[in-house]
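As written, the chains take the letters A, B, C and D, and residue 1 is the first residue of each chain.
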Amino acid sequence: MTASENEHRLCVRGQQAGDLASMSGWLGQTGVAPDLGGGEGEWLILADAASGAPLACARLVEQLGMRTPRFSYHVGRVVHAAAELGLFRTQTTLLLGNDHSGESELADLACAPGLPAEVQTAYLTRLIEAALQRIQAQAPRFGERLIVELAGPLDERGQAPFWQGLGLHFYAGDRQAAQAKFGDAWRSHLAALLPRQTLYLSFLSEAAQTAMGQVGAAGQSAAKALAACGFASSQHVRVDDGGPVWELRLPPKSEISR
Amino acid sequence: MNPRDLLLRPVALADLPALERIAAASEHGISSLPNDQAKLRARIERSLDAFASLDDASGEETYLFVLEDLARAEVVGCSGIAASAGFHDRFYSYRNEFVVHASAALGVSNRLHTLHLCHDLSGYTLLTSFYIEPAYAQGPAPQLLSRARLLFIQQFAERFNQRIAAENPGLADQEGQSPFWDAVGRRFFAMDYPQAEALTGGRNKAFIADLMPHSPIYVALLPEAAQWAIGQLHPVGELPFSILQEEGFDADTYIDIFDGGPTVECSLGLLRSVRHAHRLTVNADALALGMPAWHLAVNCERNDFRAILVELAESARFVLPSDEAATRLGLVEGADLLVTPLWPESTERSRP
Amino acid sequence: MTASENEHRLCVRGQQAGDLASMSGWLGQTGVAPDLGGGEGEWLILADAASGAPLACARLVEQLGMRTPRFSYHVGRVVHAAAELGLFRTQTTLLLGNDHSGESELADLACAPGLPAEVQTAYLTRLIEAALQRIQAQAPRFGERLIVELAGPLDERGQAPFWQGLGLHFYAGDRQAAQAKFGDAWRSHLAALLPRQTLYLSFLSEAAQTAMGQVGAAGQSAAKALAACGFASSQHVRVDDGGPVWELRLPPKSEISR
Amino acid sequence: MNPRDLLLRPVALADLPALERIAAASEHGISSLPNDQAKLRARIERSLDAFASLDDASGEETYLFVLEDLARAEVVGCSGIAASAGFHDRFYSYRNEFVVHASAALGVSNRLHTLHLCHDLSGYTLLTSFYIEPAYAQGPAPQLLSRARLLFIQQFAERFNQRIAAENPGLADQEGQSPFWDAVGRRFFAMDYPQAEALTGGRNKAFIADLMPHSPIYVALLPEAAQWAIGQLHPVGELPFSILQEEGFDADTYIDIFDGGPTVECSLGLLRSVRHAHRLTVNADALALGMPAWHLAVNCERNDFRAILVELAESARFVLPSDEAATRLGLVEGADLLVTPLWPESTERSRP
């Protein structure tokens, strides 16, 4: 196994001066470039032990959404039943909220371009494990859960069906341009334009319904690595492309302190 | 057709064949008359009970009127009143509601149209069952048929809510398929609109409405055909709708939860016919002065309610026992009648 | 350890004719008697291997809420922030829903009265493990999660502060009497009277806010057993007493089938 | 005080000392006049701009009127109009809304009162800044001060929304603490009501309202003191409120999101003063007939708007150049004036 052989010559370190240049052109698990300049939190860089060249990265945030509120849709269910009509239908609902405020986040999971998928997954697994070790060492500073956002799927024209079916009706501007301009804060601004009450998924286009909660191409390697580390869906999706938010419940503080 | 030949009165059992004809002629989903003899008979009997009832406001009464052309001795239309929308249960509507969502950073301010499921119209008095034969649709007959109800409500106000509403048919195709239903109701029921309508029949829609989503519907998320159907009137409803609009009913606030048709509403006291209504007395010493103008005139009976079109002096406070208004309504010395000008804002005094 | 010694003489079996009589007076983890007559699902009875006498019970439901909708409040967060005022407040929200429809449930976790708490926990752990084995054997018939409702706390007068602060405003009748009359369906009926839109926890009484999501005395042994088996809060609470809904994510079906 | 000595006119810079007196006298949170000379001067200047502006409807105009007792040559009150609530942004209110939740099995049907955050009144024209000296609170002076605004709006309708609203102060104690705020707003802001009010000052409340919960508030969950405060009027607001109620404003639908005071609203055309208003012309050949009755009379100028109380013949269509109405308003032959009876439904023709 190439991946496992490689790992012997790898190390995990913090961010260094040269990284910014070497990492230009990388794309994270949500489909956008890692926020090397501005993002809060601690960088974990997987590097070649010999050359020090970065191969993959992740950013560990102790408590997310404490400067700019983070928004997501909670995916819920509502049953509409009428015995006299023989009706019993379960509807999927979306509710805008800040449910993950104060939780910890693993953001900007990215690999150097051109690596085989297996290698990417192996590298990212290594970084996730490193992040979990950091958390264990300083548990009180972190939240109850560690969450990771994953990109939603795109169609053959590069459009996100979930965006086309929902967000676009409330913000007609260019999503990519706004993302580039505002970074992560873009989705806070977007949230101000989105419906604030419960939405029924069945009101969206078929394509949007299908895309909701699915992992897009940009997030596949990260998803495999996260699944291997015990992460699973948190019943939340991203407000723009409908990609899933995965979570890992962190060990209760009391257990650790014992 | 001579306006003087028209008489509006409470429905009688003898009108059953005429109602069957009307129910068959009125398009699917438009009239609220069931095309079924037994049900029609039950409707007539409920109306007879309502007019006869001494009980003021049980709220379950439905009153049915027929318009007769005396020259042909034929019923040419009908109209009704339901004393209380929802019969003490909830009466659901969607309220059009506009909210503004703005983001200074993105430089966007959007005015969003939402539909808000509400019970606002619960307990309102409902105008129902309007139908007139096409040959009588021109001229003053529909005015008499629709507006006489308002004077009836005014006279027996203790039996009714002071707020009045009327449902109007929404867009639907020949098969009764409604674009609004297809986009909204159908998602919560696995059935066609005609099917859902048949299921509710004459009964309260509340049990079906309980199945609708309780959060606002964002209109932008509906298919275009459904967006267009919001508040749109089915062409067959234009005549009764236009009469109610001229009366001052508001058509912008509420729509039907099933087909998206406009549900109009207004306070009784603000309706044109009611605002301009005044009471006359039959008096042998009366002096008729002023220009004659066409009026709706009704007697003050409940069971023997009668409404006609008649020319009266504009400022009259009395009519002679021999005057047309008194004789056609069968009123004797001392009796009262309630009248309202047919075209209060019109200068064409004799438009009929 | 008495508990572990005891286990050697225990067996897990299905319901038997005599159980109904022997189990009268038992109280489950939600504070009410196990629904021995009517509840759907499969009974797991922990019995004395020698005498066959029941010592503890649990009821495993493949998919809950498929006959009568099951309601709970989803516990969410909303951030209200205004930079110009220096305001950044996180509010806890409650939203009525049927989020667990179709998930699996472990209900009626009860022990014979009078057992020491440690023994109760040990017995219930044994039953929970037995339930997980059943699920593993027939995974496709079960949902994505296994949930357990736990009783909320009561005050010294036997009242549930969460009920006093919320439900009572919408149903003035006797909660216990309604529960006795309708069984589990009572909370479906109650839900028809409860607010359907997002509630802010801060609008409830202090006592209700404190009680929300806490495990009451009736649920303590079960909570310990569940925690030992990996269950944790699902961010939902019961509509009447505000007790928490705990969950265990079941292994993905695809993994099992491999 | 003689009603003939009262004159209402646009505020002038010379009125600054009078406005300072009013701002100091009017209780905290009741008047919308800032107790600050520079801000008052700015208010006057904005009003001068509004009256002078040739632009019809930018929406940001605020008009301020003062009431003068000519006998004492003193300003004794003021009142204002904001052309558009929210100035093109959102104007938030809580709408009272009632929903019925029912369970057949439990045999319960509850009518629940909820408060629904809405933008319904955005863009409505607002009546503001009413204050009258206590010595003038009895009699017709407050009528002139409040209602002359309605005739101004009627005359320059293109500058205003056809729907009019007015906020009224809600319950608060001596220190300005409001039970409604304590139960609602305070949960979202870590501050007192007077503090929050000071923060918003004269500016749009939208940025604060954005912080309020966007789902309905269930009134049953509020403390009793807050429940009682919903739609309750602060005693100091009774006089202007009662005038608006008599005009036909609806007080049951909306409340202020901060203190829970009633926000009234109505269509301009349905207001009593407007419904009974008619236009007269100054005409040397006029024949004054009919019983004299007290009227509000205004000229048709914008910058030189004047409103007075005057006795006029009820059915007059003209006034003589020498008549009191023409002379006091300074009108010459051919000029128009708009008048409305002071007590249209009253039989006491000379109530002042």
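The rule is short, and it goes like this: a residue touches a chain if its C-beta (ideal position, glycine included) is under 8 Å from a C-beta of that chain, and two chains touch if they have at least 3 such contacts.
Everything numeric here is computed off the predicted structure, so don't read it as measured data.
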item	value
Of C-D and B-C, pair with higher C-beta contact tally	C-D
Chain pair repeating C-D, as identified from A-B, B-C or A-D when over half of the contact pairs by residue number coincide	A-B
Mean-CA-position distance for chain C and chain B (Å)	53
CA centroid of chain A to CA centroid of chain B, Å	56
Whole-Å separation of chain centres (CA-atom averages), chain B against chain D	36
Sites on chain C at which at least two other chains make contact	78, 81, 197-198
Residues within chain D bordering two or more other chains	102, 214-215
Touching residues on chain B, where the partner in the complex is chain D	89-90, 97-100, 102, 109, 118-120, 122, 270
Chain D-touching residues of chain C, taken from the complex the two chains share	78, 80-82, 84-85, 87, 89, 91, 166, 169-173, 178, 182, 185, 189-190, 192-195, 197-200, 202-204
Chain B residues within the chain C interface of the complex	214-215
Contact footprint of chain C on chain A as seen in their complex	65-66, 69, 74, 76-79, 81, 88, 90, 93, 95, 97-102, 197-198, 232, 235, 249
Chain A residues touching chain D - in the complex, by the definition given at the top	196-197
